[in-house]
Amino acid sequence: MDFRFSQDALDLADGARSFLDGANPPERLRSEDGRDSLWPQLAALGLLGVLAPESAGGLGLHDDSFVLIAEAAGRVCLPEPLVALAAISVPAVLATYPDEVGGLVRGDHVSPPVHPLAPYVHDADKADAFIIAGPDALYGVPSSKARLTPVKSIDPNRNLFRVEADLTDDLKVGGAGLCAVMAVRGATYTAAQLLGLTDAMIQMATDYAKEREQFGQPIGGFQAIKHHLASAQVKLEFARPVVYRAAASLDVDSIARQQVHAAHAKIAANEAARFASEVAIQVHGAMGYTFEVDLHYFMKRAWALETIWGDTAHHSMIINQAVIDGGLDIGPGTTFDAA
Amino acid sequence: MDFRFSQDALDLADGARSFLDGANPPERLRSEDGRDSLWPQLAALGLLGVLAPESAGGLGLHDDSFVLIAEAAGRVCLPEPLVALAAISVPAVLATYPDEVGGLVRGDHVSPPVHPLAPYVHDADKADAFIIAGPDALYGVPSSKARLTPVKSIDPNRNLFRVEADLTDDLKVGGAGLCAVMAVRGATYTAAQLLGLTDAMIQMATDYAKEREQFGQPIGGFQAIKHHLASAQVKLEFARPVVYRAAASLDVDSIARQQVHAAHAKIAANEAARFASEVAIQVHGAMGYTFEVDLHYFMKRAWALETIWGDTAHHSMIINQAVIDGGLDIGPGTTFDAA
Amino acid sequence: MMDLAYTDAHRAFRAEVRDWMAAHVPKSPLKTLECEEGFNQHREWERVLKSGNWGMVTWPKEFGGRGVDLIEWLIFEEEYYGADAPLRVSQNGIFLLGPTLMEFGTPEQKARFLPPMAAGDEIWAQGWSEPGAGSDMAGIRTKAIRDGDHYVINGQKTWSSRAPFADWCFGLFRTDPESEKHRGLSMILFPLDSEGVTIRPIAQLDGNPGFAEIFFDNVRVPVENLLGEEGKGWNIAMATAGFERGLMLRSPARFQAAAKRLVELYRKKQDTARPAARDLVLQAWQDAEAYALSTYNTASRIMAGGKIGAEASCNKIFWSELDRMMHRTGLSLLGAEAELIGDGAEAAGRWLDGYMFSLAGPIYAGTNEIQRNIIAERVLGLPRI
Amino acid sequence: MMDLAYTDAHRAFRAEVRDWMAAHVPKSPLKTLECEEGFNQHREWERVLKSGNWGMVTWPKEFGGRGVDLIEWLIFEEEYYGADAPLRVSQNGIFLLGPTLMEFGTPEQKARFLPPMAAGDEIWAQGWSEPGAGSDMAGIRTKAIRDGDHYVINGQKTWSSRAPFADWCFGLFRTDPESEKHRGLSMILFPLDSEGVTIRPIAQLDGNPGFAEIFFDNVRVPVENLLGEEGKGWNIAMATAGFERGLMLRSPARFQAAAKRLVELYRKKQDTARPAARDLVLQAWQDAEAYALSTYNTASRIMAGGKIGAEASCNKIFWSELDRMMHRTGLSLLGAEAELIGDGAEAAGRWLDGYMFSLAGPIYAGTNEIQRNIIAERVLGLPRI
């Protein structure tokens, strides 16, 4: 029992964070061109293959090594769908057509996940194929057989399409169990990105509060501003271990337990991000309401991620079914598996 | 259309407030003796008969004249059940046995109301009779036929008894409509008392914050304290007109509209009082947690009144039935009757 | 006994507004007034309103109004928002500068400025803030120095709402260059096409230029455009800010209309909503109703000669936090569609647009932090440290 | 990969605690430890615990502990609260002074004080606050002046929890009468029956004497009762306050047990609950779980040589606001019964007692306002003004 990240996981995440901080500064978000220009480097650094076996060119690591990378991607508001591909598509392909994983890891093939809870797909126009969760099976759909309808997101860095296809038997690649896994992975890793976004928004607002002067002093000296930001920080601090546990649980727990853990993670991260975004804009004042500062990119990404892969209402029903209807007890045996 | 109190109502309330402030200082709450010692004066001042006709020795006024008196009674945390008797029992007796009203107005007879939403009666051991709302009729029950079981309230100035009786046909004094009226009056006037309690708690905490020094200044100078109290004040300011409208509505509106207005009033007053009590104790620090200051009497009264005559859950169901299920539109015609 | 019944005259007035709006409100929504096309559509709508003599119903007839009382104004607003009529592009003029002119303007100024304001012929921007003076207006540094019968303005304003497309602007300037803080400021009115004025639009959350920076390079404004006394601008601005937080700017009807839409949305989505959403929807309904009740009370008091005091700060906190809660709740009912904007996402877009707009509520017209300070200090009497 | 499985030793330890508690926890609840009878019942329970060697499991065996690690401590707590065992009347000693003695005490002091503390033979009160020094401990004025081999104490403490019935007390005193603020303070231990000590109990919300004022009139305490260096009391007190906000005082198991009771209450009352109550119940469940996860993480870090920093302030805010929300929600499910206490109102009384207790949470151990300042300044680096 040691609920900490391994030094290897921390080192890997540090590396990813340094790369992302350098390669995806806020300026990059302001341009709508080259939204996928980092793909070659993300692949070259092995980030697409963290969860893929070494035999497929991956690092052969576990989810508790990728969750910090997902958080780092959220923290810089990365436009590339690194997290969806590396943390949802790679495991899905590994479970169905393991020979195809190498292509995904190298970045040669792009097969984003599509799910009723995440029906709009970023950069779907650049995909070779889609992994689509149907009502009771998983489907692999080449892009030629998918219908894309462009839709517009409030997040200018999400180039969204509604993806639909006739889910015929010949496209079936796995059972309903894999769809459930996809949903759990989607919720957990979206939550991880929301942690990063929350962290970034608190940091931006804190930096602004240190600089901006009103009434003859930095506004960060006013207790009202301090307390807003401290409250956001508390929400972040207590969402983090919940998300990390959900990620660690992906490798070891039953799907039923994973669902509860992922639901808790998504709810906690949603709440932290929504709260931090409202605090961050309030601290920024009118400035936060504009394109003059970069906060709005992070807020808009957070609003988008809050609703996909299950919003709070959806996940709250999962917790309700487990706890109120199902009698899942709190405490040892629920916190961690084997008590 | 003039949504203000008449000068007469304001003058009457001013008089009542002066009397109550003088006659019921906080010191009186500290003694458990003589909890009903003000009865003769309350009767002599005519406060028991504000809503009774002049022919019965009353003032013949309307509810918008009594609601401010109820608020003033809440503000001093009055132990005597003035509000229940003058605003619930008097109208109930007036509607059933008008000849008996004079006795109530003079304070010769004490007939408290009993309702499934308010089953515990303060000073029931001093009552001559009870007005009991049954499942589908109103009953007049002499104290000799009632069974009293003492129960203990957290509020040391509520000398509570559970009141039960065999509701036989010979005791029936009115129909179900009068029970509904009783519930609406109970909710509205309990809300009015909660306004007064809220006001008192904000005032106590404000006074304390001006005096108490920490870190070399009055704690009321710290923005965190200021903002807590300001938020409580906002809740109070926006609960007030809702309660006043509910009271005014008692004289003119259909029972269905009264129910929605009373529900809204009770929910708003519950919320203001709960919020103010938590703010007030936080501002007082450890001192508020003790019998060293008088805050606790007001908090405990507020906790008690929050739950009787319908708690927030109960009234929220009434609003839900009207608005979500019943399609009651917001706006003109709902705010005030005739649009 | 309180008189809570509308008079026959009120009912007739309501019927008149309702009928006129039913006949004239555009059938499909206008574009946002923060883009040029939408601005022009909204200006056109103001002219349609004027054709029905609805520009600003409470103003005297000589200034383009109908001279109705505040209860009738509330009735007008209820019917206006009930008809889903467009937002008022003229609001800086009719709600803020207009009342200020009534109080402080010369007869000539009133006659010159009020009628075209009510008619939508002159749309006003406001010029309060400067880069170093947001909530803290005492930090204003832009100078307007008397030179003969003109003021010569140099400096910069920011967060000027409507400025990208408006005709005129009112603002606070330092007329005494030696003065500090609240002293030596004056309120001056100027056309936005004056020589030496440069306008740089600022993109707001939705990408539209909701505000602008205004740069002044030796802009000459005739002295008759001074509003009130020279050097007394702070008092005048405080009066205007009072109007901003007071009765007019955010009439309850607006929030009641949003609460009504929220109830309708909830009815459609209740199968997938979490239980708390129902309570939030009902709270929105109740709070919008409470705000209306409070406003009727304030209107009644003003009609009887009363004034709005520091409770204006309570109003501003209440409606801005209600508006944000209401739109946050609406968004929470939309699931994965909540992030969509543009064509084909009208319902969703309306909640998202409304949410973004609501985020400005706790910031502008004095942040809610400032309002809470005001309540604590002026209503409760807590010490200023 | 993270190792999130309990070891066989952990499982065996858990089974041992569970069995022992099942056999020994009193079948009916004790009276509150804030009254004399209840205090004695709780002291007796400490002695029963001692008979099973459960006084303070993490302490070394020589001081009455079992020398187990922090994961085992968490397991102990889970089983302790899972068995609904009594509150720890010894908590000032075992959770606050104990760890401080381990860090700053002499070998003699440890040997003298720790074993009777773990055994419940000596129950400790604390003496931080003074009438003019609550959250602001630098305002301490009570003096302890060296006189030969004694300190002579004069002055007054207040809010001393457990003092009405406890045996010993630790507190912060000004040993340098010329000093100001944080300097010149020392931590001193003294028996509450010392000559010159007068104890005035203070009635708390529920009417019981939860605290006391302590008056000192030339109280002589031997110098060997000085903890740490003279004049370094502030640092020692900060360390103690860190323990207070840190891992031990409020173990997650306590809140998990309350969340479990809340779910059970909700199941009984759900027909009359408002919808939002369900979401609050689930939030309580999730937050108690989140607090447990956070504590397991902190325990893992400490076991690997880490320390608790300013995140202790996040903990304190989180558990205290969770506790209040949880009990407020419980009360809201009880309807008109919520105000009842005493016999025949056990379920209701428990929620009301818990609510009252929870109201102290955001106040003691440094108010939540102070904790938010600490987070803003030390975690986020915002300026101290």
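Should a chain be cited, it is by its letter among A, B, C and D, assigned in written order, with residues numbered from 1 in that chain.
The definition used in the following text is that contacts are C-beta pairs under 8 Å (C-beta built on N, C-alpha and C of every residue); 3 or more make two chains touch, one makes a residue touch a chain.
Keep in mind the model is a prediction, meaning the values are calculated, not measured.
Distance from chain A peaks, on a Cα-centroid basis, for B.
Interface comparison, B-C versus B-D: the higher number of contacting C-beta pairs is recorded for B-C.
Mean C-alpha position of chain C lies 52 Å from that of chain D. Rounded to whole angstrom units, the spacing between the C-alpha centres of chain B and chain D is 39. Contact of a single residue of chain D with at least two other chains is seen at positions 274, 278-279, 369, 372.
Contacts with at least two other chains are made by residues 222-225, 227, 316 of chain B.
Arrangement of the chains shown, judged by which pairs touch: all-to-all, with no pair of chains left without contact. Within the complex formed with chain B, the residues of chain D that make contact are 129, 132, 134-136, 139, 158-159, 202-205, 207, 210-211, 272-274, 277, 324, 328, 331-345, 352, 359-360, 362-364, 367-369, 372. Taken in their complex, chain B has these residues touching chain A: 222-224, 227. Partner chain D is touched in their complex by these residues of chain C: 274-276, 278-280. Of all residues in chain A, only 1-6, 62, 64-65, 202, 206, 209-210, 217-218, 220-223, 225-227, 229-231, 233-234, 237-242, 244-245, 248-249, 251-252, 264, 267-268, 316, 319-320, 323-324, 329-332, 334-339 touch chain D in the complex they form. The residues of chain C lying in touch with chain B in their complex are 1-7, 10-11, 14, 71, 75, 78, 82, 253, 256-257, 259-260, 263, 266-267, 270, 278-279, 281-282, 285-294, 296-297, 299-301, 303-304, 311, 314, 317-318, 369, 371-373, 375-377, 379-385.
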